[in-house]
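Next come two complexes, and both contain chain A; in the first it sits with chain B, in the second with chain C.
Moving on, here comes the complex of A and B:
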């Protein structure tokens, strides 16, 4: 007994190759000394988070605008010519703005490439529109709407919002959006309708995010009001849902996030995987 | 005095059962130490001078190179002197071993003896010393006469068993074939040895497993078949095999043209390769007096031709050709009309399924035009059809198999439009599946890495993505339509193929049926041996009697189906069929691959 007292006065070491005179399941007071909690915590400020949640909202705006445009075309409020002209004009303006912002040096090369892209896209779209129009004639409208819903949801989920997550797949989100637009376009009466809707969708989902990333100006209020107005003219229920969604994502979610911060309990310790720092 | 571990090998000593009652004599035969067997094929009485001057035999005209030992029959009535001689011989062991009379210079001599009902070797009941090593032995008694008479079929079975057979049966068969090969090989060597011996030695044979005369039946068969064989060979077969060896027929295009219609293929199998079979039959025959393969083939052909002529006679005299031909044409035209209505049904709302209208419309009209062409073809064929049928029965002269394969060809010609439709629909379906799978990968932002055979992520341009998605959507929505057309035509094609398959199976069955052996088995069962029966005669030392039993009819029947390459080899199992159906790859008819060409 005296001998074990002597030994325990010596500091217990966390090694197994020495016989330290204690039983196998001995727990020392220095247990979990090296554990560190919540090392890399970030403090969030409410309005900063609200501003950042804007990115998600912008994409949601795109989706809602697109659906609203579809419904307007279906109700013959919007003519395809008008849509085509408007979207082309906005695209050209946006292209010039993008061009100015980026100060690209390789002028001619990029212009030629972009021109080629546009050419291919227009030709393809125009020649395939008759096929697209009759593609889903025999499928019921409900199925089409369900497919569109899921495809647009996929677009929102997989979109690149600027984070580094594994789920992000830019190609998949774009493809899903185009698929959804083709589904909806096949419901429209004439070829022109289909073509203009597909063009609009392409410009909205493929080209607009590029400009958005380079702009770094928050156009949310302008865009938000456009969306509200357009949706309101389609159906009032939709507006209410949209506004609620807006509130939820912009106000509630940040608040929730900040409220949950105190419950964070990350533990770090010598058991973590080694990270090689260059 | 054991020089090695017990059971270092089982030494097999084969002894003819006819020799059990012969007086004592020298044993002639062959020994193989490495494979541990010894076969006794004859008994040689010693010459008068040998008892006094053993070495005198050395200076005889023929060296007795196959002397392997002595046989002592203590029961022999004439035995007194023989036993003395035997004892005298065993006393002079060393002389024989040193004078290299046995097949190998330092083998101990084999000394078999019979006392009462008990056989023994070298006086030791348990073991036999060979080259100083001790072996357990087993005495195997065999019927040399039967073996000589019926080595034919065993050879045939050996050759056919080499190709296939499952593992357990194979091992058993291998052991059986081993015994048979050893015995028949030794017997064959014995024949040549006896033929080369001088007459004075031949007179001394107390027993020799040596057949002097061919059995009468085979003689009769030879005579019977000689004249027709002469006719066939010189008039038909040799010219036709000369034709088939012409350079003209080696051109791949021509070869393909001949392989495809099964009539020509059948004729090629029957008549074209006859010469090479003839040549190969000359070499590698163990038993010199077996019935030649030519007889076998001629008999097969004959049966075929007889049946064909019978059918021909029946069809011509009963006059049902005309009515059948007429009915056939009417039926073919009715089928065309049914086809049209089927296509109209597909273009509408088939089975409540929703097909893509423009595509279904386009495909339907495309196929309808083909039906229109087909009906025109039938109309032009109608006046000549019954004549064609009547004169094509003439092919019965060449055999029933040729008639059946002609029928198969006629069926395939009559259903050529089904084949065309199937090919179109299958190609379209396959194309669509391949495109869909590739575009789906583009949809997910991935790409197939052909080098590493895996899926990698890829960065595409926006216009590539757009075009890809567009085409993907179009192909996806038109997929059910294409599938429907493909399924309908595939089912029809499979129906036709099953009918053709039945015909070709019966043709190949008739090709392979061993008619000659069948008749031989009926008439003279002892000539056709198919099974070995082993029964234990005595236990100590182990002595087994190996009996040859005639082949059973079921075995003969199985021989005709045995040589067909198995389904796995051809790649035509049910799973592969299902896979081909799903993927839209073309299903070709069941063509048996000849050794030269690969299966299409």
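Moving on, here comes the complex of A and C:
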């Protein structure tokens, strides 16, 4: 008798227009049947992630080199002439390398345009550097250092590391770095110092990322040792902090990311906004 | 058992929309069934204070202006005194909040639970989980639903979505669909062009409503069938895309863009069509297709959200959210129309009239009210426990907010004691007086 009752009871349908003889808060076995979890997850491999974390470290190297250069100039170890000549030479070499890598046709027009831009920038920079130097001269040194710290942090946060996130704003990141350089430039003795520091900042934060993206060679070890050496000559505490930071970002963060993967809980279902299929 | 119900939402008349008409129609039907219903909403421009709508529906337009997206600024605590006053004055025993977007509704439910008044929440929309705004909104929803006695969703998909978002027990959620006033949406054969097959589209022209799909479907259909014409009501940022399609394919005589169509004029546009096309990318219920079916049109729609649950297969052609699938379904519908295989307009209208009625919605809502009225009271400690389950850090914050609200309630009770608050006149008694039933002395 129980069997015939079951056969006569129809299967519950997920429709709203039929009175199926059950209460409104009835929960069928098929509840949440169409829910799918974790459809599009990627599995990460530790050393691959470590290699990719290199992108972040490269930008951090830039920041540390910049600060080390500032301190060297302040301690009169580095002369502005030397800095300007070295950075210009490296920039020109980098430009040629970029040119070669991109296999551009020898468009003399674009080279002429680039040359013009460089000329305009140098002239403007040189003529405005007295103003640049005195812009933040009246602010106390502690505030300057604090501002520089936050600006460089903003540079790191908003930099374009190659992902498509909403937080990325290349313009904001560059502006923050240049503002940091102007802050620091005001602490230097002469306008020549200021000009060379700001030019160096531009080359380091605006031009170097472009070349870096096209190079795709891991210069990490070379660059890392350059940074370590330059920072070590300024302060030994700083170099320890730098090495710990390096370890954290390159080894600990990838390990942490991989450890968190099993906790991923992406929910998909019929309530999702449909993606138009082509 | 007759209840005193307070409907709360940021969305009410004079705004016109799905949630607004839902609240109004449901309130009217509940009043018909003998309950007392009031509505609480924010001020609309100069419209502030107490107004009466038909059948003695009292509306409190609180003197708070909306700030963003037609909602008030969520302050959590500043609405406590005024909501407490209203609930005491009107002797409310059930607060019914509508729409997860409405800050006023969520806050009122919170205050109602602090005062140990039963609360129900109706969710009208679907939400995602993955982006930042969804994560925050879902947390707030968890907070609200942790206190609520019962929840109502407009479709089964909406119920699944709400249960996942709010982490509540599915047997605490009832599915009560929306309804349509079928007497307004009646079919007529005189408006239709017998030579052509008219496809009507009535939606805002935005990405969410699939305006891009519409733009890619129109030229394909127009090239396959020479006797098809489109009437598109509604406006929005994607209107330009439709106009570009019209320009590019030279379809000026086959596509008519009407712009924004007022709510009272919708039926006039619908009865000119044979087929109603809906290309939304997400819908909890989609009242538009029921309105179209009530006017006798065959519906072709994308199969998203709660749409597959709304109409039976002979009244709707479902398609995947892609241009090719929509074109296929439209072809089928057009072929059926040509061969006169479609359900007759009057048949469709009768079906909608019998199936989706506001009286049915009110009856089922009353069952929910009866159930929660009979349920035992939840102590403050139990409530705080439930809030604590909302998350490791969030749970503690919610407990703090709930406890603070309770203390503020005690303060309000001390400043303005319950005995000193005058009770408002019950409109039901006034109505009985008007119909000559009761002696004046007995009406107290």
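Operating definition for what follows: the second predicted complex is superposed on the first by the 268 of 278 C-alpha atoms of A that agree within 3 Å, B and C clash if a C-alpha of one lies under 4 Å from a C-alpha of the other, contacts with A are read in each partner's own complex, and residues count from 1 in each chain.
Methods note: a contact is a pair of C-beta atoms (placed from the backbone, for glycine too) under 8 Å apart; a residue touches a chain by one contact, two chains touch by 3 or more.
Because the structure is predicted, anything quoted here is derived from the model rather than measured.
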Record, for the superposition on chain A, whether partners chain B and chain C clash or fit. fit
With both complexes superposed on chain A, which partner does A:121 reach: first (chain B), second (chain C), both or neither? first
Between chain B (first) and chain C (second), which, if any, makes contact with A:178: first, second, both or neither? first
Of the partners chain B and chain C, which touch A:31 in the superposed model: first, second, both, neither? second
Determine, under the contact definition given at the top, whether A:165 touches first (chain B), second (chain C), both, or neither. neither
Please state the minimum Cα-Cα separation between chain B and chain C in the superposed model, rounded to the nearest whole Å. 15
Within the complex, which stretch of chain C touches chain A? 126-130, 150, 155-158, 160-161, 163-164, 170-177, 208, 210, 212-213, 281-282, 302, 304-306, 308-312, 320-323, 325, 355-356, 364, 367-368
Which part of chain B faces chain A closely enough to touch in the complex? 354-358, 442-445, 459-463, 465-470, 472-474, 477-478
Please name which positions on chain A make contact with chain B in the complex. 116-117, 120-121, 124-125, 128, 131-132, 134-139, 169-172, 174-175, 178-179, 182-183, 202, 206-207
Could you pull out which chain A residues touch chain C in their complex? 14-17, 23-25, 27, 31-32, 34-35, 266-267, 269-278
